[in-house]
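Chain lettering (A, B, C, D and E) follows the sequence in which the chains are written, and residue indices restart at 1 in each chain.
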Amino acid sequence: MEPNQIGINYQAILPETITGGVAIIIMMIDALSRRIERRVAGGLSLLGLAGAAVSVATMWGRNAEPSFRGMIVTDQFRLFFALIFLVVSFLIVLISIRWIQEEQLPTGEYFALLMFATTGMLFMSAANDLVMIFLGLEITSISTYVLCGYRRTDLRSNESAMKYFILGSFSTAFLLYGMAFVYGASFQAGARPAATTNLQLLKERISSGALFSPEMLFAGAAMMIVGFGFKVATAPFHVWSPDVYEGAPTPVTAFLSTGSKAAAFAAFCRVFILTLAAAPIAESALMHSIHSVWVNALQVMAILTMTLGNLVAIVQGNIKRMLAYSSIAHAGYALVGMVASDWKAVAFYLLSYVVINIGAFAIIEVFAQRGDKRTEISDYAGIGFQSLGLATALSLFLLSLAGIPLTAGFMAKLIVFKSAWGSGFHVLVVIAVINSAISWYYYLRVIVAMFFADQQPEFKAPTLNRSFAAALVLTIIATLYLGILPGRVLDTLDRATDQISRARK
Amino acid sequence: MFEYPLAIVVFSPLLGAAVLGLFGKRMSEKLIGSIACLTVAVSTVFAFYAFFEHRAGLEAGQKFHEYLFTWISVGSFRADFAFVLDSLSGIYILFVTFVAFWIHVFATGYMRGEDGYWRFFAYLNLFMFSMLTLVVADNFLLMFVGWEGVGLCSYLLIGYYFTKDFANDAAKKAFIMNRVGDFGFLLGVMLLFWKAGSIFYFDDPARGIHGAFNWAMAQVGDPLSFASIFAGGISTIAVLLFVGATGKSAQIPLFVWLPDAMAGPTPVSALIHAATMVTAGVYMVSRASSIYVKAPAAMLIVAIIGAGTALFAATIGIAQWDIKKVLAYSTISQLGYMFLACGVGAFTAGIFHVFTHAFFKALLFLGSGSVIVGMHHEQDMHRMGGLKKYMPITYRTMLVGMLAISGFPLFSGFFSKDAILYNTFATGILPAPWPLLLWAVGLLTALLTAIYMTRLIVLTFFGDERFAEHSHDAHDHGGGKPHESPPSMVVPLVVLAVGAALVGFLGVPDAFWKGANLNYFERLVAPSISTARESFVLTDTIHASAGAAEHSSEAGEEIALAVVSSVVAIAGLALGWFWFNRKPLWQPPRLLENKYYVDEVYDETVIQPVKQGSTRLLWKTIDVGLIDGAVNGAAALASRLGGGMRYIQSGLARSYVALVVLGALVLIAYFVIK
Amino acid sequence: MAPLTWYLGLSALLFTIGAVGVFIKRNAITIFLCIELMLNAVNLALVSLSSFFGDIGGQLFVFIVMTVAAAEAAVGLAIIISIYRNRESLNVDEVDNLKL
Amino acid sequence: MDNYLLTIVTLLPLAGIPLLLVAGKSETTWKWIALIVSVATFLISLLLPINFNSAGGLQFQADAPWISAFNLGVRYHVGVDGLSIWLVLLTTFLVPLALISSWNSIHRRLREFLIAMLALETGMIGVFVAMDLFLFYIFWEVMLVPMYFLIGVWGGERRIYAAIKFVIYTMIGSLLMLAGIIALYYLNGQATGGRFTFDIPTITENVKTGALLISPTSQSLLFWAFALAFLIKVPLFPFHTWLPDAHVEAPTAGSVILAGVLLKMGTYGLMRFNLPLFPVAAHEWSVLICSLAVVGVIYGALVAMVQPDLKKLVAYSSVSHLGLVVLGIFSFTDQGMQGAIYQMLNHGVSTGALFLIVGMIYDRRHTRLISEFGGLARVMPAYSTLFLVVVLSSIALPLLNGFVGEFLILVGTFTSPVLPHARLFASLASIGMILSSVYMLWMYQRVILGEMKNAENERLADLNNREKLVLVPICLLILWMGVYPAVFLSRSEQMVRALRGRVTSAVERPANVTANNGIELR
Amino acid sequence: MRGETILFVVFAVLALVTALNVLVQRNPLYSALSLIGTLASLSAVYMTLRAQFIAAVQIVVYAGAIMVLFVFVIMLLNVPKDQPQVEKQKGLRYLAIPFAGLLIAETFTVLQRLPARSMPPLPASGGDQAVGTTWSIGTALFTDYLLPFEVTSVLILMAVVGAMVLARREND
């Protein structure tokens, strides 16, 4: 068989190749020179991520191209999400360079795993087949299991890794079972192939209405929601996240709450919005039915997620845990966008969210000091004016998470709510809005502690290195840029296409 | 000659007030006094100028407008800063400026050496500005400016001794009571605007203004019924305006502030709380006579309140020991008389009484002030007596005032009071029992008036020198014998005494001399006063057109009634003379001495409930407890919910797994069953 | 030849047993074994569907799942080892410092 | 120039922030920078009323596309009309005064304080000039942050509680408004065939022409989505409990701004959005809102009467006064609405001044309890005099500013042809005038008059020149606005007439109301 | 074909029993051994499905490699038997029955509605190219599933790195 028949297209997997390759190179340098310099590892990672970003950028504007026999597809959906992931990893690398030295943890493996995770995430957004989604998800998950337990001697880190691992693989089993059901449902006698895990084919088959078993499709979809819902941490599948986020090393928490969440959303959107969603007209009753069912389910989950996240965040004393609940709530807002079946809104939401959240976690990381010692909100009492710059930046991020206008958080919420309202989910929007109001309370609590409470004598303002400062500046700029001048990004997104329906195997 | 004489009349005192207020602190007392008196003198001169310049026109009922600028103009609502001169406002500015000038002169002496001398005259000048604005305003809103302005100045002047709590309380009470009345006044104005579309009195084609009075004249009058008051028509307007008058003119039920207002310096009492401000209510009702004549129910209310207040206050007056309090209740009582006149349709008689009252009551107050100064700031009549020989001029002038207020024949009060009593008796607008009843009340009041005034004179100037019994405190102005007051105080007394004796002759009833037009006052004011509609014919002397045939019999009746009231007045004087010469310290009934406990009743039924209710119910219970409780409760509920939900997070991986399974089960069930 | 339903039924039963095992067993390794059981249940479903449909895709999927299971096993056991080093215990109920 | 004027006025205060950041370590320099910037803003903003055309509508407009993606159609559109022009002026007038007043009372974090004040000024001006719903919302929210910090960092004992309460209260309302904004955006887009926009004049025009005809039910929902935000801000009874706390805890400058400007945003919003956009609903709910307003007038006054704390007293008096403003707005008459606008300014000036006055005494004695004072007139005559002027203004003495506003509101309400029970409302609201004199004079008496009972007050210094510089202009303004209001009223006349016309014509269009046609929320 | 059915039934029962035994055993070692039994039974079941390759891999990779790893770790850690068995939230075990019941009920509801389907006949060209043979797997693996196959290598590499970094001793 000729290569082009197999659909080999190396350029299509160039970003993944670069990040994966960088991971391998780092490992090799580490192995050969016994100990890799953190700057080298970090620098290589940044270089790799930048290279990947460039390759993603060069792919922009091309029509949807499935490659590798439809295993992946290069559409703007993929590329936009890929950029989000690359941004996440870039920032995480920047904030990790300081941290990894301070904690004196193995350097090479850390960056390598981070790059592997990035590779997995990139595959998740590129995937056009359930197999690829599963693989990407597993690469990301397994590397993050390890990263959670990266501070091996720390009990909290251990616990975090174990819980994440048990619950993660458990939910993966559900996801897989769901995929199996969908595969089973997709059978069409006499067709080539007879049954499929390819998303485009699935969509066509569901649209045509001739399925082996609609029931299996529904059950499979439900189980996939369990799996994806777990990864994005929506109620009631969110339970792992507060514990894991709290226990994991802070940069890893940042990565978990942004990168792996965004990747899961990418896959979630790919499967549900792009595959299982009905166009307004000319679709089979089956498609309409599955669409409305999952939308209803997600609607309930979104409400549960937002409400639970926000309410429980109110009573938290640990800032990482509070932000964990906050990120649950944010998953809820993003779900609102999913309910509206508008992946662009979700994508913009995630882009804004990851930037802000990484910024917030970055600062929490420096404040936490070695071994995550100072992560209670009470530790933040009065540090606002002792470390004015960092505290102001943290305030900015928190307010942005709360949704103050002129920052990314507001634009993100606006776009999502607008989208949902436009699709007729008025009650959902109102509930989301009330939730936003509640969320102000706990974000403000941190600001209250930092600025309004009495100062702490023993607090020493942390020193920053250049890479960290760069990360901070980037996140601040991005937060404001997306809030004040979101036009370019939104325009790009607005014109972006997901040509899954046009792409053919 | 002068295009804006009224403006000069009004603004001259304002200028004085501004100068004194801004720079007075650094001025000498002499300069301050001069500025204050001069500005009022200017007002007085221009008031006379304006009046006599237009006298013929005024007598003919013409109105002279002075437009300064448009104050508020929104939509159809318009209120100008503009003045109007007609015979009513003309006569008012005459005696207001004249009396005020002499009171200012008196005050320069009386207030000598007081802290804040400049402040006092600044306020006094400001008061003049407000009062004159009130009088010459050409619309109700500008009148309200003066109306509130005099209230403010009254507040400031009552509270002049601001370190004294009773003075502050009195000041506040005065202002708030007035505000209660203003509430009615404003509603009346608004209702008038709603119905008439204008708050101007008269048409002024030059400005394209339609007057509310012309609207009122064109209305069919309301019937004399209780319901008409609440019908939202012209009767309602009249009653609401009258509520304002009860506040300003201290009528039942809002009269309680006036006796307390005596906490201010005596010239203030003379000027504001006797001669001018308190008569503003009468002025306003007379001004709005076009409205009242269409509202018989309101008229009846005015009459009843007036007569009731007259009697009520007179009974209290008998039992007071503070010399100024006696005069204060006397003022309330006399104001009641004036309203009685208005209520029976005899607006001119009411205004005439205002006019004469201004002289004799100012005189009496200034006299009392002279006594107080002479007695080294003693006001209690328990400690007076026998002052005749120490203060001869004061004694004589006050005697004139006493005779005038008691209605001793041929003194000014005799004519004005007589006009009221006669018109009450003869009014044709009230149904049967009322004229007689009101007349009887008026007569009884006249008797009481004579008695308590005699009591005042006797207790002060006759009998034993009781002040010797009480040794003054050493620091109290040095003590010593009573003495006559300085010329700056005595001269005004004399001037006013002359006035009090003679001004009554401006309004001698025509009936006294067959065919003569004796009642100049009547003829002057009448064109500014509205006449009633046909079915509402007044049988008083306002109507020259009432018919010659009836005239002779009415004239006889009028003379007879005059004789009756003269007899009553003299009887009262005699009674008082004999009784109080024998028992100067006769203990009056406690009920009267304590003013029927009205203050206490108000305190118990209004003030305390409002205060306690606001504190306990509104603030502590509703605001803090209920509303804030709900707010904080919602917050607490949120965190309690959060606190409850956090127990989902038990920390046990296995329970998380179970929860995931549960979620999956529900989800699958929904998807399968859907 | 047993019908497809039987195979899928067996798969469902095994999956259920695995799922239940995860939340009733306390030994971390046993829990892990149960997860492996669940994966095998999925594999069974995929293989049976693949065979009955005559489509090789399912079996390829199984092939991938097995690889993933192997990788997961390696990492999972490493986690268990590292946690055992710190705690000297494999009981997951004792690992509940992070909560609420 | 005219196009940039508003932008300059809006952003100039913000330009002071970088200056402050690079201005070295001298506190005096910082203060002067902030003061000069704010005074410059005020002076420039004076050009607005000078060049304002009373007959014209929206003026000094600047309009540029901002975000067009996602059909958002967000524009940077600013402009002033008769409603907002004076509120802008009020803001630029009060901020310098607030800065001067706190010249020596901020002892820590001065630079940050000044930054917060300047940022706040930009936010407030922005709210009034924004002519795009999106832009409006941005300013509306962003302004919260500096205010939050002002209360939280420089506030009193319970500042944290007050600050959080302030923000959360406001947030609940404004986020619902966000939902309302989105809904309106969609309705307008649907009605105009996909021309999605947030532009306020455009949407208002569409409502007026009938191009955007919203069904009564939907109008009611949207009306409340907007109204709740505004009524909380006003604050109308029973949404007022954040106010006493915020006022009491805020530093003087914060209280001045809070009372002087922030509360006006609520009433401004009602007039800018609720009336013109949802006239039928506004009419339908007017009885409820007016009832609450009247309750607020009386209730606020009664509760103010018994407050032991000066600031709380003033805070509750604001509840009372603002209730009157709301009443005026919902009277749907020229007089009522003009009066409401005027009363907004009056309240800004008078209550701002009251807070300044309380602040001055607080700076000296560090207490605000009325019972701590008494007899100050003897040692502080100038203070007492200016205080009295402000008190009188607050109790609406004629020839002072308060009267014009209150009377217009009352007369407008009384004569309203469309508001049900108008007479009753006006009569009840008039009681507020009695009560205001009760609590104000009582307070004045207890603080200023009487014997000096507390020895600590013996040596209190009278006002210094700086403080006089703050209060005298205010008192002059009070007098000017009371004697010659035409300057102010004439500029808002055209706008009010148009607004009243919109409401009344919509109400009198019964066919539309009864037929229940118009766009529904989906 | 009856023979295959019998085989299926036998091994299905065996798989179920051993699977349940995984839960019943308290010692993880026995659980692991029991699971190996399950895996082997499933391998046999795969044979009945004509999935020879998968059946082989099941034995070689799963039972052979993965489970050995498990057993190895269990032996390595050598958890003392007398460790106190802490059990929090005892109620969880009572959820087992209802949850299991519900899950089974739900899946069986779905399965019960499946259309009947019999295994397709072997292609005429010969059994060695039928679905499930090594040929078919290999062909698909290097055509359709080329990318997943390659990506798997990344996964494995990463797992190695991860396992190494976690499991090695501190002083490394």
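To be clear about the criterion, contacts are C-beta pairs under 8 Å (C-beta built on N, C-alpha and C of every residue); 3 or more make two chains touch, one makes a residue touch a chain.
Keep in mind it's a predicted model, so treat the numbers as computed, not measured.
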Fewest touching-chain hops separating chain C from chain D: 2
Of all other chains, the one whose Cα centre sits farthest from chain B: E
Reference chain D; chain at largest CA-centroid distance: E
Two chains sharing the most contacts, counting C-beta pairs only: C-E
Identifier of the chain whose CA centre is least distant from the whole-structure CA centre: D
Separation of mean Cα positions, chain C and chain B [Å, integer]: 97
For chain A paired with chain B, centre-to-centre distance based on mean C-alpha positions, whole Å: 79
CA centroid of chain B to CA centroid of chain E, Å: 103
Chain A and chain E, separation of their C-alpha mean positions in angstrom: 30
Residue list for chain C, restricted to those that touch at least two other chains: 8, 15, 18-19, 22-24, 26, 31-32, 50, 53-57, 60, 64, 68, 71-72, 75, 78-80, 82, 92-93, 95-99
Shared-contact residues (touching 2 or more other chains) in chain E: 88-89, 92, 95, 99, 103, 106-107, 109-110, 114, 117, 144-145, 148, 152, 155, 158-159, 162-166
Chain D residues counted as touching two or more neighbouring chains: 168
Touching chain combinations (by label order): A-B, A-C, A-D, A-E, B-C, B-D, B-E, C-E
Touch list for chain E against partner chain B, complex: 88-89, 92, 95, 99, 102-103, 106-107, 109-110
Chain A partner contacts - residues on chain D that touch it in the complex: 66-70, 72, 109, 112, 137-139, 141-142, 144-145, 148-149, 152-153, 159-160, 163-164, 167-168, 171-172, 175-176, 178-179, 182-183, 185-186, 521-522
Chain E-touching residues of chain C, taken from the complex the two chains share: 1-10, 12-21, 23-27, 29-30, 32-34, 36-37, 40, 43-44, 47-48, 50-57, 59-60, 62-64, 66-75, 77-82, 84, 89-91, 93-94, 96
Sites on chain A touched by chain C in the complex: 130-131, 134-135, 138, 142, 145-146, 149, 152-153, 155-156, 158-163, 165-166, 169-170, 173, 176-177, 179-181, 183-184, 187, 193-197, 212, 242-244, 246-247
Residue ranges of chain D in contact with chain B within the complex: 165, 168-169, 238, 240-242, 299, 302-303, 305-307, 333-335, 338-339, 375, 377-378, 392, 397-399, 403-404, 407-408, 410-412, 414-415, 423, 426-427, 430-431, 433-434, 437-438, 441-442, 445, 448-452, 483-486, 489, 493, 496-497
